[in-house]
């Protein structure tokens, strides 16, 4: 009504993350998609004629007939959601930020830059202070990023423990959905009835991003957290939802009840604001499961189950999150929402 | 020709493991299936009219028309391969052993008994000495067992390391095939496109059985190995082949080359006898995969890949084995073959 | 507000259809679930402690703690939605109807009874007149049924053609989802990566039900339609959504445009009332697909695509519908809604 | 021993069909692979370094280190097995045949040429007489082709009926495996838990190829069979094995027993030569199934089941064949074997 929405553009609009961004931004209370842009191959064509639309809902009516533009600094919008392929994201996102856009990126390229915040707002919104550093570096706009999809599921489930008890060691094995590889992504001959025990660079991303996210902002930079973390990443024949088996050792010893309480208190803190669980714990050890639980909280809830003692570290549990919503497009959007809330956008 | 085969019976002949035993024993050079037996529900009927045969090859011609008998001590055979359900295996196997049969069992019931050898012959054939203890306990025959399917994959891939460098800590996460749950087993609504992050009792089996298998026989009993081991077990939509992500810390530090050499030397030791790899290592980090590799070595080879450093323990790798062959029916048969070779059968 | 909801009971509340009924009736504008009932095995226990809940949304808050009752005529409600297993549905539904309840059943038992309407309200609401015949047969209440899940997809996609041009011959091959078999239903070993080319009784159901549904009510009975119809039914590894390949020959020859117009006109007739497409036609020959389209119209839309000439009959097309919503629970609910609309409930 | 094998080349050696050709030709009694060739992109490199090998058995030892050559007329071999992509197969195969090679092709390009035999040797070996026509057209060598994978399954199951009773009408709906689309082929996001109801050009291929195969050679050309045939083609999440639902009307009416006898007699004719069933009929209506039956007869048997009356045409049944063996690479090899047997190679 009286409130004008913020003009938003979607970079990489034909890709899997771009499509999910467009789907999730439809009728969003704060943002209005006024521009869609992609690589030169698609630029100039009409969206519905070009995109291989994979979302279950139809292309939003106002987007279907929109013309795809180039990713250049003449887009009529204030914020750019980037689902660009990492082959091109680096340069484009930098250019757009230099030209005054607020770039909210899901791409990996800038995540580990010293002056770029790598944000899960429920964990480290304080890192937004890095934006000032970027502004000093000749940028009229700035870039904020969200982590890798698997990293997000791990961090959200582990942060209450870290906050309450500290962490010494974390081991995580992932079973990741095919939608995480985009489209066409994983050939069906590789994954139907199969497990692929390697996802290039994924283990390194989980290990390094987690330590940055759990780090502390001090004097214009992030002091990384310093526990040990090791990831083993696998692809499984699941459409949506990354399942992870996690084991951890805390600094301060904790009982199962204390850990469950830490989940509960952490969740309660956000639930009252949004009505959506950040973490949901299942008593049933057979849960969470991707088919049943990836969509919990409109895909924004990370589900956790089966907390039990570990004979090597202290405790182990299963966690699950929707990789293209909580782990990608939804992560970018929640970042932008926090920027608005904190007056940064 | 001149060599007479040993008469063998299959207990639990209609179940998934029983079927695989019958398939693998067809035309076996040492054993001839002369009896098939099952629970009272099936006993008395003709095999091909009763079994829901799930093997890709047809029911062996000599078995198809055979009458299913009760699991009682009037079976005309010397060795009994048991694929019985654990609900009934305990009592039946004991009775049969007391009556003079050699029971080679895949069932869990007797695995952890003090006087029952839990054998992977390439690792702990020395444990067969426990048979003497059984004989002193009023048994005319005896029972030998093979481990749980996941345990076997773990142990075969880990034993060369243990033997060469010792072990302090082992963490393993499994992604297990549906055939491990028998038939009807896992409902399709539970597993199609899904992960089920819990398999009752499986983690405890892996943790305890491994320490027994790696234990030392001394004075009529097994002194268990004493490293720390923790397992997280998941079911994935794969038909055959358990994939496991393993991380470990050795007692004596080892380089990647030394570990790969330990695999290689261990494999060479058995390869010359059987022409089949016990362990096969893949340089390609995307391997092993269930679809491509579960059948290696007629399903008896454990495949290993992607050895890499671990930031929490020392090293990590992927391993894979065929759960119903190397992990069950084939494991029982190789046990019986070793019994023959050592003059115990 | 001022309108009081009609008290409803769910028979077979723990089964797959019963669960879907409970999920779809949650916050329904006309009905309020006041009773849940099941077989004697479950009766007496609390719903959330007994049910193996398979729906992605949680058990509705007012149902979770509800006590499961017996399926006997002391339930406090006016209408009974029945998802009972066909082994018990016959007798229970008869008894309940005799005792004054309006039974809206998804079970097969009464579908082909002379005095029981077999209804797809968008096609043959006129058949509700059979209710009078039932009332004359000593029933204080009555039974109405919806067709088999595959039949519904076929009939809704074919009815516009039948209405406009008549039908002489229909051939249909189905590729049916596993959820159609309930829980535990199809064992995963039977269907993962597989096709099962037989579903007992399914072909006969499709062939006979279709002719009743397309029949004419005259003088207290249904005169069946009299075209030739043949069905071949297969199970495929899809969770939700029956896909069917249909070929047909019309009485009066029609062009592709005329057939597409018949879809369009038929759809328009209902769309203005409900805002939901009954039929949606896709130009893209690769559509409809279960993953992308089974959920269209909240699962109530039947999707059709790829109309093309047939070299044996006249035309062929693909159709798809959500088997547990449009084909089962949603079909029952839309039946009850029409009963209310027509003053019969 | 004394018999020298015929030198063979594989065109398109890195593709899915090329790999299967290499796997099936390993240790073949008649042929020895002396050359492997591919598009310019791969030519010049060593096979094992270039191919993304997808077969469960390892690359044959003599091929692994072989250099991939260009598809040009300097290859040292007599027969060329072609698994070339249809984008390039047309020109290359023509050139090779003109230069004296015997080209045995699985590619679609030449199948419908007037002077090219389209062969299933168990059906129409007489069509090899077309080779003479080719030789008159300036070819020093010649081309023979095998049909599309789905066509082969249809034709082999239908030919005994055609031969004994004639055919008036045939309707077929396919459920085709992903391996039929090659590698990378079908993206997993398109097919996991899904059905894709369209395969470009597939229906036309089945309809036209069948009539040529069942045609009669007369005076240097094929008179096509003249019954009506219509195909509806779907992709399903199955790795190997095309399942088809077939309905047909015969010229001369036949009983179920007569049809089953025609299968049996037809099969017997070939069984004595090869020891492999051409057709195998299952009494069990749940068979054939891809997982259980695609590998029957080393993948060369077409399995048939559930013959039953059809209310539109006369009879209907399910058939299944291994699409990359019986339907592609194995089909080419059996063609070449027949050429040798008939002295044409």
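For clarity, chains are labelled A, B, C and D in written order, and residue numbers in each chain start from 1.
Convention: a residue touches a chain if its C-beta (ideal position, glycine included) is under 8 Å from a C-beta of that chain, and two chains touch if they have at least 3 such contacts.
Owing to the predicted nature of the structure, the values given are computational and were not obtained by experimental measurement.
Trainee: Comparing the two chain pairs, does B-C have more C-beta contacts than A-C, or is it the other way round?
Mentor: It is B-C, judged by the count of C-beta pairs in contact.
Trainee: Centroid from C-alpha atoms only, then distance chain A to chain C, rounded to Å. What do you get?
Mentor: Taking the mean C-alpha position of each chain, the two centres sit 40 Å apart.
Trainee: Quick one: report the Å distance separating chain B from chain C, using the average Cα coordinate of each chain.
Mentor: Chain centres of chain B and chain C, defined by C-alpha means, are spaced 47 Å apart.
Trainee: What positions in chain B touch 2 or more of the other chains?
Mentor: Within chain B, the residues that touch at least two other chains are 54, 190, 192-193, 237, 239, 291-292.
Trainee: Select the category (line, ring, star, complete, other) that matches the graph of chains linked by touching.
Mentor: Graph shape, chains as nodes and touching pairs as edges: complete.
Trainee: So in the complex, the part of chain D that touches chain C is made up of which residues?
Mentor: Those in contact with chain C are residues 169-171, 173, 175, 190, 192-198, 207, 228-230, 232, 234, 236-239, 243, 245, 247, 285-292, 305-306, 310-313, 316, 318, 320.
Trainee: With touch defined as at the start, can you tell me which chain C residues reach chain A in the complex?
Mentor: Contact set of chain C toward chain A: 54, 56, 192-193, 239, 291-293, 295-296.
Trainee: Residues of chain A touching chain D in their complex?
Mentor: It is residues 16, 54, 178-179, 183-193, 237, 239 of chain A that touch chain D.
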